[in-house]
Amino acid sequence: MYDVVCFGEAMVRLMPPGFRRLEQTEELDVKVGGGELNVAVGVSRLGLKAAWVSRLPENPLGRMIRNKAREQGVSTEHLVWSKEGRAGLYFLEQGSAPRASAVLYDRAHSAISLMQPGEADWDACLKGAKWFHVSGITPALSASCAAVTLEALRKAKEHNCTVSYDLNYRGKLWTPEQAEQCQTPMMDLVDVLITTEDDADTVFHQQGEPGDIAKRLQQRFGFQAVAITLREIRTVWTGGWTSIVYADKLYTDRTYTLENVDRVGGGDSFSAGLIYGRLTQNSWEAGLKWGNAFSAIKHSIPGDLNWATREETEKLMQQEKFKIQR
Amino acid sequence: MYDVVCFGEAMVRLMPPGFRRLEQTEELDVKVGGGELNVAVGVSRLGLKAAWVSRLPENPLGRMIRNKAREQGVSTEHLVWSKEGRAGLYFLEQGSAPRASAVLYDRAHSAISLMQPGEADWDACLKGAKWFHVSGITPALSASCAAVTLEALRKAKEHNCTVSYDLNYRGKLWTPEQAEQCQTPMMDLVDVLITTEDDADTVFHQQGEPGDIAKRLQQRFGFQAVAITLREIRTVWTGGWTSIVYADKLYTDRTYTLENVDRVGGGDSFSAGLIYGRLTQNSWEAGLKWGNAFSAIKHSIPGDLNWATREETEKLMQQEKFKIQR
Amino acid sequence: MYDVVCFGEAMVRLMPPGFRRLEQTEELDVKVGGGELNVAVGVSRLGLKAAWVSRLPENPLGRMIRNKAREQGVSTEHLVWSKEGRAGLYFLEQGSAPRASAVLYDRAHSAISLMQPGEADWDACLKGAKWFHVSGITPALSASCAAVTLEALRKAKEHNCTVSYDLNYRGKLWTPEQAEQCQTPMMDLVDVLITTEDDADTVFHQQGEPGDIAKRLQQRFGFQAVAITLREIRTVWTGGWTSIVYADKLYTDRTYTLENVDRVGGGDSFSAGLIYGRLTQNSWEAGLKWGNAFSAIKHSIPGDLNWATREETEKLMQQEKFKIQR
Amino acid sequence: MYDVVCFGEAMVRLMPPGFRRLEQTEELDVKVGGGELNVAVGVSRLGLKAAWVSRLPENPLGRMIRNKAREQGVSTEHLVWSKEGRAGLYFLEQGSAPRASAVLYDRAHSAISLMQPGEADWDACLKGAKWFHVSGITPALSASCAAVTLEALRKAKEHNCTVSYDLNYRGKLWTPEQAEQCQTPMMDLVDVLITTEDDADTVFHQQGEPGDIAKRLQQRFGFQAVAITLREIRTVWTGGWTSIVYADKLYTDRTYTLENVDRVGGGDSFSAGLIYGRLTQNSWEAGLKWGNAFSAIKHSIPGDLNWATREETEKLMQQEKFKIQR
Amino acid sequence: MYDVVCFGEAMVRLMPPGFRRLEQTEELDVKVGGGELNVAVGVSRLGLKAAWVSRLPENPLGRMIRNKAREQGVSTEHLVWSKEGRAGLYFLEQGSAPRASAVLYDRAHSAISLMQPGEADWDACLKGAKWFHVSGITPALSASCAAVTLEALRKAKEHNCTVSYDLNYRGKLWTPEQAEQCQTPMMDLVDVLITTEDDADTVFHQQGEPGDIAKRLQQRFGFQAVAITLREIRTVWTGGWTSIVYADKLYTDRTYTLENVDRVGGGDSFSAGLIYGRLTQNSWEAGLKWGNAFSAIKHSIPGDLNWATREETEKLMQQEKFKIQR
Amino acid sequence: MYDVVCFGEAMVRLMPPGFRRLEQTEELDVKVGGGELNVAVGVSRLGLKAAWVSRLPENPLGRMIRNKAREQGVSTEHLVWSKEGRAGLYFLEQGSAPRASAVLYDRAHSAISLMQPGEADWDACLKGAKWFHVSGITPALSASCAAVTLEALRKAKEHNCTVSYDLNYRGKLWTPEQAEQCQTPMMDLVDVLITTEDDADTVFHQQGEPGDIAKRLQQRFGFQAVAITLREIRTVWTGGWTSIVYADKLYTDRTYTLENVDRVGGGDSFSAGLIYGRLTQNSWEAGLKWGNAFSAIKHSIPGDLNWATREETEKLMQQEKFKIQR
C-alpha cells in the first residue's frame, strides 16, 4: 500500500562532464531521470511510500532505470516489462552564460510510448493509495500513452486518490494545440495543478500575475489548488527559486538563492515537497514550504533525483546559511 | 577524386569503462564507429584518399560522427544530412572470461535507415574512384537501405571501381534467409568478398576448410578474390589473428598473437589493409599481409578506428617484438 | 515473505583504480559489499526474494550501503539503524603477478559490531522464509555479534529455514582457536556448510582431498550438504574456478577459466547460485552448477556484487564462448 | 580554394582538471589550440572554407594537432612537416578569485620556430582566397618566423586577400621594442588590425578611449578597420565582453555577461566572427556583432576551439536567455 | 633545527567530485589534511623549515599521510608510528547555495587519539625551534591527547618558542564546557591566539566587535597578540576574507574577494602566513598581510594544503587582478 | 649524510590512460620518473637514506619533480635550480600484443642538459656517502652533462663511495660509437656495472651467455661486480624477470612471472634492490635477490617509482602466491 503513485517515463540521462558540448565530449556521465520518477523518488526521500509505474524494455538500460528507482526505495513492482521498444535517452549539456543549458531528446520509439490501456494493473498499485501524480509529458509521448494517462487518472479517482498534474509542456513532443485538446478533458480528474507561468500561457492561454493565473485556472477547472513555480533566472549558474499556491487563498513563501549545480528536476522536487507537506501536515502552506525548500536544495545536487534528506530540508526551511558543517 | 569510397552507417559507440556492465555504469566512454567508416579511416591512415557516404541527422551527435571521420582525413563532402531520423547508437560491454564482450544496438530509426535511392550523389563521389567498399550491414538496416546499396553497387561498377563486400552478417538486424535473398543478386556486382567462416555458412551455406569455402564462393559468384578472416579465440583478452585470400591461388600468412584491448573493428582493419595492399602493390599477397598486420595492431587500440600508422604496420609485418621503443 | 534471509556486515569498499597502490592513489572507486549482502544480492539477481539484516549508522555512508542493497531488489526493511558506531570500510588493492591483491580492513567499531541480541526482529523477517544464510565473518566481528548470530541461527531453525553457513575464516578478525570455539556449537544449527580447503583446515583441522574433507565434515556435524570451492590460482589475472558438493554423494562440475576483473565476492556468488539451484530445482547437482557458473561470471564484474542475469548464467552453463554478441 | 587562410603555431594544451595547480596535478586534460588555428576553426564552424598553414613535427603530437584541425573541417593540406623541432606545448591553470588563470609556455624549439621562408607553398593555398589572417605571435616565435610572416603577408596582398592581423602581444616571447620594430613595417600590408587596449599601448603607444585608439591607429597605418576587444574582468569566473570597430565610423555593440568556463581563445573567436560577418554580409556592423556573439559563447566552452554553431550564434545575437532548451 | 614545529592530527580526506553528495558518489577524491599539518605545509611553502609531529598507524594510509607532508618539504622525522589505532578519515561534501558544504568525520579511534605523554621526543624536535603551533582540535581528540598537548606546550616554552594556538572549536569532538575547562589552563602557555568570532564566543564567551574581542582576550590571558579571522559568507561559491590582529594595537587589512574552489584549510593558511610574516619581518602588520593573502589564495586551490608560492602571494598582496598570465 | 647518492635527469611522464595511443588521447596521466631518481626512491623505500642530484627549472614542473622525490623521503637539498632550460618530458604509450609500448621523448633543452661542471656541490652531498649511482643516460644528455658525470664519478671515488653504473643505452640520445667513446674512460671509476645483454653488445661489443658477458666485462674493466638483467618477453602484458651477478663467481636467482602493469623503471628497481642488499648484507647474493624481487614487484605498480615496501619485498623473496591478503 503506497502513499503516492506516479506514472510516466524515465530515461537514461547522458551528460558531458565539465561543461563540454555534446559534440565535443569523449565521456558521458550516466544518470536516470524523468518527471514522475523524480517525484516518486522525492516523496520517498522525504519518508513516504511511493510506487512508480512505467514501461521498460527488457535490457540492461531498462534494468538500470528500474534499479535507480529501487535504490531510492521506490517500488518498481508495478512496472510493465516489454520486449519491444527502447529505453528513452536524453542528452544534457550544462551551460554557462551566455550559453543556456540544452537538452537533446532521443526518446522516440521508447517502450512506454508503445504502451496500451490495460497493460498496467492500476487496481493493484492504487489500492489504498493516497495520492496519484502524473505530468503532461506522459500523454505527449504518444496517442496510446494519452489513453493510458486518462485510464490512470480515472482509476486514481476511483481509488479516491488526490490527483496532482504537472502541466510540464514539452514543445519537442507536441504542439500547444495538441496539448490543450488532449489535456483539457483530463483536468476534470485533477485536484492539484502544478505549472509555470509559461506553460499556463502556452496550454491554457493564461497570462498575468501568478496569483491571478492560479486563481483563474482554479475557477475554470475546479481544482483544489494550483501551484505555480517561479524560477528567477539570473545567469546560468545562479538564480532564485520560489512558488505560490492558490487554494482557499494565495500562499507565498521566501525566495531561495541558488547556485545551480543541476537544475533539471527542480520542478519535480517542488511537486514532491508539495505532496509531502500537504499529505503529512494537511496544509497548503506546509506543502508550499516543503516544496520550495526541497526544490531549492535539489539545484545543488547532480542528477534529476533529489538526494537531500528530510532533516536537511527541514533545517533549510528555518535558515539559509552556508557555513561548513563540522 | 578518391582512391576508396565507402558507404554505410556509423554510430556513436558508448562503452562503460573498466569492464563494468552496462547496467552498473555511471560513466560511458564515447567513440564513433561503423563497419564502412572504419574501413575508410583505415585506408586513410595508410595513405589513401577516402570518402565516406552515409546519412546523418542534423544534431550534435550527427556532427560528432562527421567530425571523427574528418579528424582522420576522410572526406565527408558526400554525406547526406537529414532533419528526420536519429543517430544510431551502440553500447559495448568489454568482457573477460568467461563473460564474452557484448553489444546492445540502439540503431533502429536512424537517419540512414530512412535513406532512399537518389539521395546520394554517387556520380560526384565515385568519379575517378578506384575502389568501392560496402558491407552486409548496410542493406540489413532497412528495405530502402538495401535499395540504396544496390544503387551504389551499380554506380560503382559503372565507374569501374573494384568493389569489395564484407558479408558481416548481423543476426540482430535480419534473418539468414533475408540476408541470402537480398544479397545474392548483389554478389554479381562484387569483385572481392570478405567474410568469416561463420558468415559464409549462415548466408551462403558454405562449410569446410577456409580455403575450400573461399574457392567455392569464388566459383559460384565469379569473384576476383575471396578473403576469409580467421580469428582464433583463446580467452576474451587473448587470441590469434590470421586470414587467407583465395584468388588465382590460395594465399596464407602468419598468425598474430593478440592481447585484446578492443577487438571491435578488427575485421574492418583487415579490409582496409587488404584494399591498401592490393591497390598500392597490385598483389593479393601484399593485400593479405597488410590486412593481417593492420588488423592485428587494431586489437591493441581502443575504439573502432585504427590509429596505427603505415610505418608501424610495415614494421610489424617484419617482426613481432614487444620491447619498449625508447 | 522472503525466500532467503541473510545476516551480516556490509562495508563501503574503496579501491584505487588502475592497479594503483593504496599509498599512491589520488582517487578511490566506491562500491559496497560484504559476504552476506553479496549473497542476498546474488539470489535476488537470480529471481528470488531476499532480505538482508544488518545494523547501519544513520549517516550518508549507512544510507549508501542500504541504497545499494535496494538497488538490487534486496529488502532493507529489517535493517537496524544506529546513532552510534561507524560504517565499516575496506580498502582493496587489485594486484598483478607477482603482487597479490590486498585488503586493508577499517571495520573496527562499526555499527554492527555493537549490535546486541534482541535488536533485530527475527520473527518478522524470517516468517515464511525458506532459507537463512550467514557467514563466519559475522560472529568474528565482536562477542555481541557472535551472540546475535547464535540468536539468528536458532530463530531460523524455529522458522524451519534451511540454514547455510559460509565458514569464511578471517585471520584479521580472530584466531583459529577463537573461530573453532565460537563456531563449533553453531554447527548444530547449520544444514549446509560452505568452505574452502584452507578454512576447513584452519577452523576444523580437516585436510586431504576435497571430497574427503566434505564427507568428514558432514559426518562430524550432520550437515545435509557440504560445499567446497576450489579456486585454482594461476596468476593474479587468471585462474580457474570449480567446486564440489558432498550430500548424498559427491557432486563435481566443470572448471571455468577466469580472467579476473574482480575476484572479491566470488565465493559469495557461489553461495547464491547454490541456494538458488537447490531452492528452485531441489537438487544439489543443480545447486552446484548454478553456484559455479554464477561465481565464474562474477569474476568478470567489478565490485563485490554480481550484476549477471539468470539468463546469461544459464547460457554459460551450456557453453563457454567468448565471441562478441551482436 | 579557401575563403580564409590562417598562418601560425598551434600547440598541445595541457590543463589540470578541477582548478588544480599544475604543480599538484596527477592528470592533464589534452586539447589543441593556437591563435590562428582557433580563427581557422572558428570561420569553419560558421560555414566558410578555411585552411591553416603551420609547421609540425612528424610524431604523434604533430599528428594530433593536425587531426584536431581536420576534425573541424579546416584544410591541413598546406602544412609543412618536419623531422626536426618539437610540438609546442602549453600548460594552463584555470584560476578562481583571487588567483588568476595562468599559462606556462613550453614552446621553444618548436618545429614552426625553425621554419624558413620558401618552405610553405603560399601560392597554392592563397590562390583564390578572400582573406588572410595572422597574429603577432607568429613573428615573435623566431627571427625566421618573422621572415616567413612577412613573406606570407606579401603573398596575401599579391593574391588580393583582405589581411587581418591580431596584435596579440606576448611578453614571454619578445620585448615591446622588438614587437614594435618587427611589426611596424608589416602594418603596411595589413587591412584590419585587431587588438586590445593594452596591446595597442604596449606595441604602438596608443592610449585613451578605445574609439580614439582605433581611429589613431587607422590614421597612422591606413587600415580599413581597427577592432578593439574590451574584456570586462569582474572576477575570474565572471566577466563581460564587448568590442568596437572603427572603420568609416565607430561601431559599438551590446556587452555580453560571461560565466567563464574557459576564456582562452575568446579573442580568436572574435576575429573569426568578425571575418565571417564582414565576408558574408560585407558590413563592419555585421562583423562586430558576429564577432562579439561568437566570442561570448566561446567563453562557455572548454578548450581554445569554439564548438558553437552558426545557428546558435545567430540566436544569441537576438536574445540572451538561459532557459534550458527542451 | 626547525623554524616551526606543529603538532596535531592529519587525516585522509575523501571528497566526492563534481558537487556530488557523499551518499550518491561512486568515486572519491583522495587528499590529506589536518589543521596543524596544513600550517606546517604553509610555512614550508613560504620558505621556512617546518616539522610536523603526530602519531600514525603503520599501514598504507599512515604512510600516505606522511608522504604528503614530505612532498611539501615538511620534516616527518619526529612522527610516532603505531601498530594500534587507525588513520583518521574525513568525508567532505562541496556545497552550492542553498546547500552548505559538509564534513563527516570518521576519526574516532585514530592512532593519535591513543597517544600518551612521553611518546614524542619533544626535545629533539623543538631544539632551536622558533615557533610552536597547535590547535584546539588536538586536545579535543581524547583525554590523553589533551595531556600530550599540555606536555608539548610546556616543552615549547622551555625551548623559548613563540607559541600560537588556533582555538578551532569542533562541536563534533567535545562540548563548549569541556573545551573551556581543558583549554583555559593551556592559555597561560600561549603567546598568540588565533580564533574566529564564533569560537571566541563558544569557548571563552566573548562577543562584540572583533577588535574588542581580541583586546579582551589579550587582557584576560596576557597574549602577545590575538588574531581573528573574518570570513564573509556571500554564497557557498563566493565570499570575502579578511582578519584583524590585536597586539600593541589593532591591525586591519583589505578584504579579498573569493571564488571558493575549496575553503577547507583557509584558516590554517592564515596561521601559516601570520607566522611567516611575523617571523621573517618581526611585524604583526606583515604577519596579518601575509596571513590574509596566503589564506585568500588558498580558497582557489583544491585540498586542505596550500600550493601557492611565496612569490605569487607577495604579488597578490600588491594587486588583485584576474588576467591570464601569459 | 646519505647512504646512497644518485645523479641524473628526472622527467614529467605523461601517459594516455586505458591503452590509448598518444595521438588519440584527451587525457594524460602525470607521473615523474627518471633512471637515477627511480633508484634513489627505491633505496629510500627499502630504508636507506638517499639524495638525488639534478638540475631543475624554477617553475611548477620543476617543483613537481622535486616534490615527488621528497614525497618518497629522498633528499632534494642538493638540487641545482635554474632559470634557463625546461623540464624534460616523456610520453609513454602502454602497449598490448602485437603493439609494443612506446616512449616519445621531449627532453631536449632541459635544465639538466645545460648543466656545467662546478654547479653541483659534490663534496657536500657525497661526504660520508657509501654509494654513488649514475646511468649512461646522464652523459648522453649533452657534452656538458658528460663532463659533469665524469666530475661526479671522480668525486665519488674521492669520497670512497662504491660506484654503480647502469649502462642504459638510449639510441635516441646518442650513437653506439659516441656511447662507447664517452663511457669507456668512465668505466675505470666504476665498481659495479649493471646492464642488459643488448646494451653490453651495443656499447662494448660483448655477446654470448650472460655469465660470460659479465665475466669478460669484469676482466676488461676490473669491476667488483657485473649485473645483467634478463627480461623474458612473453607478450606485452606478461613476461619473466631474473638477473645474474658476476663477482667472485656467478650468482643466479629464480625467475619471477610478471603481469606487467608498468614495466618502466623495472631495471632501476633492480639496481635499487642490488644496492640495498649489497649494502645491508654485504653479499652479492643478497643484492641479486633483493634486486630481482624488488624489480619483479615494480612491474605491478603504475609509474616509474616503486611503491613496494621492504616487508612485502622480503615476503615475495620467500614465496610467490597470489591469494588476496585479508
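List of remarks:
So that you can tell them apart, the chains are marked A, B, C, D, E and F in the order they are listed, and the count of residues begins at 1 in each.
We take it that a contact is a pair of C-beta atoms (placed from the backbone, for glycine too) under 8 Å apart; a residue touches a chain by one contact, two chains touch by 3 or more.
Worth saying up front: this structure is predicted, and the values here are computed from it rather than measured.
The interface formed by C-E recurs in A-B: of the pairs listed in A-D, B-F or A-B, only this one shares over half of its residue-numbered contact pairs with it. Two chain pairs, D-F and E-F, are compared here, and D-F has more C-beta pairs in contact (counted per touch definition above).
For this pair, subunit C with subunit F, the centres built from the Cα atoms lie 45 Å apart.
Spacing of subunit B relative to subunit D, judged by their CA centroids, is 39 angstrom. For subunit E, the set of residues that touch two or more other chains comprises 21, 23-24, 26, 67.
The part of subunit E that touches subunit D in the complex is made up of residues 17, 238, 256-261, 296-297, 299-303, 307-308, 312, 316, 320-326. Subunit E meets subunit F in the complex at residues 67-68, 70-73. Residues 14, 21-31, 59-61, 63-64, 67, 86-87, 89, 91, 104, 106, 108-109 of subunit E are the ones touching subunit C in the complex. Per the touch definition, subunit C reaches subunit F in the complex via residues 18-21, 23-24, 95-103, 105, 170-172, 233, 235-237, 263-264.
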